[in-house]
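Presented sequentially are two complexes of subunit A, the first with subunit B as partner and the second with subunit C.
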Partner chain A sequence: MRDFEYLAPRSIGEAVALLQQHGAKARCLAGGTDLVLMMTDKIATPAYVIDIKHIPELNVFEWDPTGGLTIGAAVPFRILERSDVVQRHYPGMAESAGEVGSWQIRNLATPGGNLCTASPSAEIAPILWALDAQVTIAGPNGSRRIPVQQFVTGVRRTALEPEELLVDIRVPPPGERAGSHYIKLKERQKMDIAFVGVAAAVELEPGDGVIREAKIALGAVAPTPIRVPKAEATLRGQRLTDERLEEAGREAADAAKPITDVRASAEYRKEMVHVLTKRAIRQAVAIATQH
Partner chain B sequence: MRQLIELNVNGEVYPIDVEGRTRLLDALRDKCLLTGAKEGCSTGDCGACTVLLDSMPVTSCLVLAASAVGKQITTIEGVAKGEALHPVQRAFMDLGGLQCGICTPGMIMTSIALLEENPNATRDEIRYGLQGNLCRCTGYDKIVDAVQAAAHEMDGRRRGTPRVETGGNPAMAGPLQADTTGGRSPGAR
Partner chain C sequence: MTATETKTTTTNGRTDGANGVHQIGRSVPRIDALDKVTGRAQYTADLHLPGTCYGAFLRSPHAHARVVSIDTSEAERMPGVVAVISAASIARDLAIVVEEEMHAARRVLSLFPNVGGKVTYHGQKIAAVAAATKELAEEACERIKVEYEVLPPVIDVREAVKEGAPLVHDETKPVDGLDHGPFAAPTLFNIAGQNHRNEGDVDAGFREADRIFEDTYVIPRAHQTYIEPQSTVADVARDGSVTVWTSTQGHFAVRSNLANSLRIPLSKINVIGMTIGGGFGAKFGGIVDTYCVLLAQKARRPVKIIYTREEEFLDAKPAPGAVITVKTGVKEDGTITARQAWALWDTGVGSGGCYATNRVKGVYKIEHFKVDAYDVHTNKPAPGAYRAPGAPQATFAGETQLNRICAAMGWDPVEFRLKNMREGDQIAFKETLQAVADRAGWAKRQSKTGPNEGWGVAVGEWTNGAGPASAVVSVHEDGKVHVFYGLMDLTGTDTAMAQIAAEVLGVRYEDVTVSRGDTNSAPFGTASGGSVVTFSFGNAVKRAAEDAKKRLLELAADHLEVAVEDLELANGRVSVKGNDESLVTVAQLGQMALRSKGGPIVGHGSFASEPSATTTAAQIVKVSFDPDTGQVRLRKLYGSLDVGKALNPMACEGQMEGGLVQGFAWGLMEQMRYAEDGRNWNPGLLDYRVPTTLDFPDIESVMVEMPTKNGPFGVKGIGEPPIAPGVACLVSAVADATGVWINEVPLTPERVLHAIKANGKK
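Let's look at the complex of A and B:
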């Protein structure tokens, strides 16, 4: 690992000033589970490492029924996984948080760092895409908020400018009768990267089983996580029948553009998208029905 | 860049000089001379380097020493009370929860945190909790046995019932022998 200067700003303003001063020579550090490895392998060789974990706004983890959930960029996965609020209102998010690495890794690794690394298989991405989350970004001109779908722009590419940092992730409150579910397809039970990740978030009309809103997102089957608007339209305003489910599953598989690599073939990944999308929708609807 | 920092390890303050890039694992081993935490993979996969940061298990090979300033660090050296081993240490010895021993410090640190959080952990919960600790020797069953025995022992102490002496003989381990499922009971994944 190349040596660097370790900096620990106490405010967003201080962090942005450091980013402005050092530009491309600086790198933000959250849990370090990606960055420390990248530095060990000399894939990243920053001269300045800016530890963002001491900034109060980045440690916020707050729920409010009208505003939704705020997840500061320094909050680790373990907090999400264990949170009663997350388990109750966003079960799919608790599931995806619990899928990351091991207990030791989840105590360090953050959803914010997961988004910033922008790997196609990023664990937290599909559910954030399905829940229409937004991210807050701070820079020299103040802060801006954009949909998470616009944050990841390509493989390991984000909308962050060199002088900006991620402040938090905002998840809107779920509807009255909502449910979500995340499924990770992997070879080993733990410590494995997803072949395919599928998230479904649904909301039902009050009283009956009609689907008011359905959102489906896929991970690891395209350069960035993707939504499947076609499958969502197939379900919207409908009751869940086997035919609808089959159609939505097919449409998700069609939308997936996976690659073949040592871990799985494109055909296999597509077929798994089909199967798992159906499973995720069915489960999300089952959860929503209980509300 | 060199800097002087203070690490609080096992209740003692260690003033040490480190570089920006010094990992907590290296600071503990090379500067504090606490060589209990082991380096297995240095990629966060094996758990041999596990220590507790403010009571939470982390892989110290992925933590920068400078970022551990101000936190309570606990290593395997800090879990015994003088000559009295921690019940988890005792159980690993008594029940053969180790062979070569490389994974053991990390395994014990995670197990202690696990029982702290969930004193009545089931075999499946123990296996789940230890997923980030690899062992290439034991086949894990005896590790799970040891953690369960320790849980039993610690529960007994809390209730004030006397300790069941296992005396280093696995055959004497009592209730553990009754569980022959090896954590693979029906319904376990």
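Let's look at the complex of A and C:
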């Protein structure tokens, strides 16, 4: 690891000022579970490491029935995974948070950092895509809020400008009869990387089984997480039948553009998108039906 | 036959015997447990000598290339760089060598490729740098300029043996091939070694058979993935004497390797074996220690090299992969008439593997048996030992095929094995298999099997080696006992040795301490590998303790004024048989000894080599699989092992579970992969998967005790056998569940799904 200067700002203003001053020579540190490895391998060689964990706004973890959930950029996965609110209102998010690394890793690593690393297999991404989350970004001209789908722009690329900082992730409140689920395909039970990740979030019409809204997102099968509007349209306004499910699964597989690498072939990944999309939808609907 | 099954539910209580409290057979905690869990154990990386500099390597980015030029000048000029070594620098340093020494110098000259020579695998060392910091050393390596002429690599052994394949080593001569079998050809290329074995007449045996089965099994290279990477610190004194602190299974082996490869007199090398974080066969030296000493000689300062995990995968000594074809003839009555095996072992730029093909025979009565096996060069690093070297690969082929035969013939795989197993003195093949079958409820398994579930069984065998070992046992004036020797403890053997000394000397295990000497101070001891330790050092320690006991009894006889024969030693005291009043404690005897004619009580014991008896590991697994994703889960696991005598049942159980997990992991997920250009494709733990505890159910272990005559208290070496059956056991269970025999491992979800689908289309 190369030498660097450690900076620990106490406010968003201070952090942005440091980013303005050091620009591309600086990297923000949350849990450090990605950044420190990149620095060890010299993939990242920042001259300044800005620890964002001492900024109050970045440690906010708040639930409000009308505003939804706010997850500060420095809040670790383990908080999400164990939160009653998350387990009740966003079960798919609790699943996905619990799939990251080990307990030790999840006590350090953050969803915010996971988004900023912008790996195609990022655990938290598909469910945030499916839940239509937004992110708050602070910069020299104040803050802006964009849909999470616009935040990740490519493999390890985000919409953040060099002088900008991710402040939080905002997840809208779920509907009355909503359910979500996330499935990660991997070889090991835990401590593994996703070969394919599928998230489904659904909302049912009151009193019956008609799907009012369905959102499906895929991870690790394209340069960025993707939504599958076609499969969503197939389900919207319909009851869940085997035929609909099959169709949605096939449409998701068609939308996936995976690569062949050391972990799996593109063909296998596509096929698994089909299988797991069906499972994720079925489970999300089952959860929604309980409400 | 006195095989007894012991419950493995270990009790920490003691068993009372005629001789008081027995110290063997007790599940005592490891003697080093507290040091390890509190972080006090000293590993090589924990050593910080004043003035230490750090070593790093420049490695080949190509699997196969000619080295056109190497320019180290810029690296050498960097401030903080204290030594740069390469083939050229070594040749320069050896310039004074007289002609007759050139032969001896060849080994040191071959440590790095020469300009004009070749690199033969991705990650091969080109040069090494020592610098004030690790970062600086790495940066200096990056500044070394190397020009390559890239050559086509050969990765698959089946391609490597064919005419026209790239030659890994230009000097390897073609050999005569075979006129039979899967790779029949007039000439074979890239052959590094051969093993031909012929018992009886296989052709006659196959003529007797009612059915003949032939299958080809493919198993990849596996890395031992010890937690602690290869690491060494070396320091060279003004007079040229060398001190090496290292993570090794055998510090005496490291000493002789260094003496031979660097032409340093043995007496000028002292090797200090540090606490080891796992070895499994890969830590006998040569991977970093040689280079570390060369750098220290040049730097005139201590040099430290700690491998990264990536370096482990690129350039250590993993287990060889293999392609093994097995042909077996059986009669309708369930007897095996003949067995034949052909094998190509993927030994990379080295050799060592093909002899293990003989293990395809297993523990069965087979009159006609033939093997034609080859070590084959590929553009990969040389292989090393991995727990029961070659046994998991050969057992995969042999045992999986037996299960396939049973499935095809409608035979029960346990009954078939029991029918065909060999019997003999000091062996318990049948008892061991029966023990695990009973524990698993094998006979009633059908009633416990749901959809997409299946069962597998397999048996592995191993006979422990033996080697020279020696020990010194002292009885101190407080009655405590100390064992001193040159044993590298990998698996808890210090604990077992303390138990042996305690048992012989009638004291408690807790009253025994153990220490390991460096190669300057300790008497010679064989390296810890080949399951030799408890057998060999156990005998040495037992003899040394008996020697000390003799002195104790003589002193007591003198003191109590009775004959030695009338004394008994137990519970920390010597008493007159039948007279509890007349006694003297071991502590008192320890004090008396200091004033006695013979002096302090010190016992010596040495052992060279005696044959042991074969042991068996039998395992049963229940698996389930997901027909949509191909994912396989282990649901129930049972293992049995003939341990000879369990000195410490808890430690035995640890060995049984550890070996079993490594075997199943190789079948389930572990594989070193190489891309088409020959580069290592998964040089890290992200994509070289080892299981976590969540991938395994609880393991039920059953110990069988069939003592061997030459082992201390009947002990057999048990470290290795439990790894042998796992791959075959798993593959057979998945076949039972899916109806498909998948003859290539690991059983990744994709491979399993592909096989199921291909089978469905038939």
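Keep in mind that, in the parts below, the second predicted complex is superposed on the first by the 291 of 291 C-alpha atoms of A that agree within 3 Å, B and C clash if a C-alpha of one lies under 4 Å from a C-alpha of the other, contacts with A are read in each partner's own complex, and residues count from 1 in each chain.
Convention: contacts are C-beta pairs under 8 Å (C-beta built on N, C-alpha and C of every residue); 3 or more make two chains touch, one makes a residue touch a chain.
Because the structure is a prediction, the values reported are computed rather than measured.
*Asks:* Which partner chains sit in contact with A:I105 here, subunit B, subunit C, both or neither? Use first/second/both/neither.
*Replies:* A:I105 sits against subunit B, while subunit C stays out of touch.
*Asks:* Based on the superposed arrangement, let me know which partner A:A286 touches: subunit B (first), subunit C (second), both, or neither?
*Replies:* neither
*Asks:* Could you look at A:M1 and tell me whether it touches subunit B, subunit C, both or neither (first, second, both, neither)?
*Replies:* A:M1: touches subunit B and subunit C.
*Asks:* Check whether A:Q189 is in contact with subunit B, with subunit C, with both or with neither, and answer first, second, both or neither.
*Replies:* Once the two structures are laid over each other on A, A:Q189 reaches both partners.
*Asks:* Residues of subunit A touched by subunit B versus by subunit C: which partner has the larger set?
*Replies:* Answer, by number of touched residues of subunit A: B.
*Asks:* Could you say whether A:A264 touches subunit B, subunit C, both of them, or neither, answering first, second, both or neither?
*Replies:* Touch partner of A:A264: subunit C, not subunit B.
*Asks:* Could you tell me which stretches of subunit A are touched by subunit B in one complex and by subunit C in the other?
*Replies:* Touching subunit B and subunit C on subunit A: residues 1-2, 189-191.
*Asks:* In the complex formed with subunit C, which residues of subunit A make contact?
*Replies:* On the subunit A side, the touching residues are 1-2, 185, 187-193, 262-265, 268, 271-272, 275-276.
*Asks:* Flag every residue of subunit B that touches subunit A in the complex, lowest number first.
*Replies:* Touching subunit A from subunit B are residues 1, 3, 19-21, 23, 42-45, 47, 50, 53, 56-59, 61-64, 66-67, 110, 113, 129, 131-133, 189.
*Asks:* Subunit A touches which residues of subunit C in the complex?
*Replies:* Interface residues on the subunit C side: 135, 628-629, 631, 669, 673, 681-682, 686-687, 689, 691-692, 694-695, 748-750, 753-754.
*Asks:* Using the touch definition up top, name the residues of subunit A that touch subunit B in the complex.
*Replies:* Touch list, subunit A to subunit B: 1-6, 8, 29, 31-33, 36-37, 39-40, 49, 51, 53, 78, 101-105, 107-108, 189-191.
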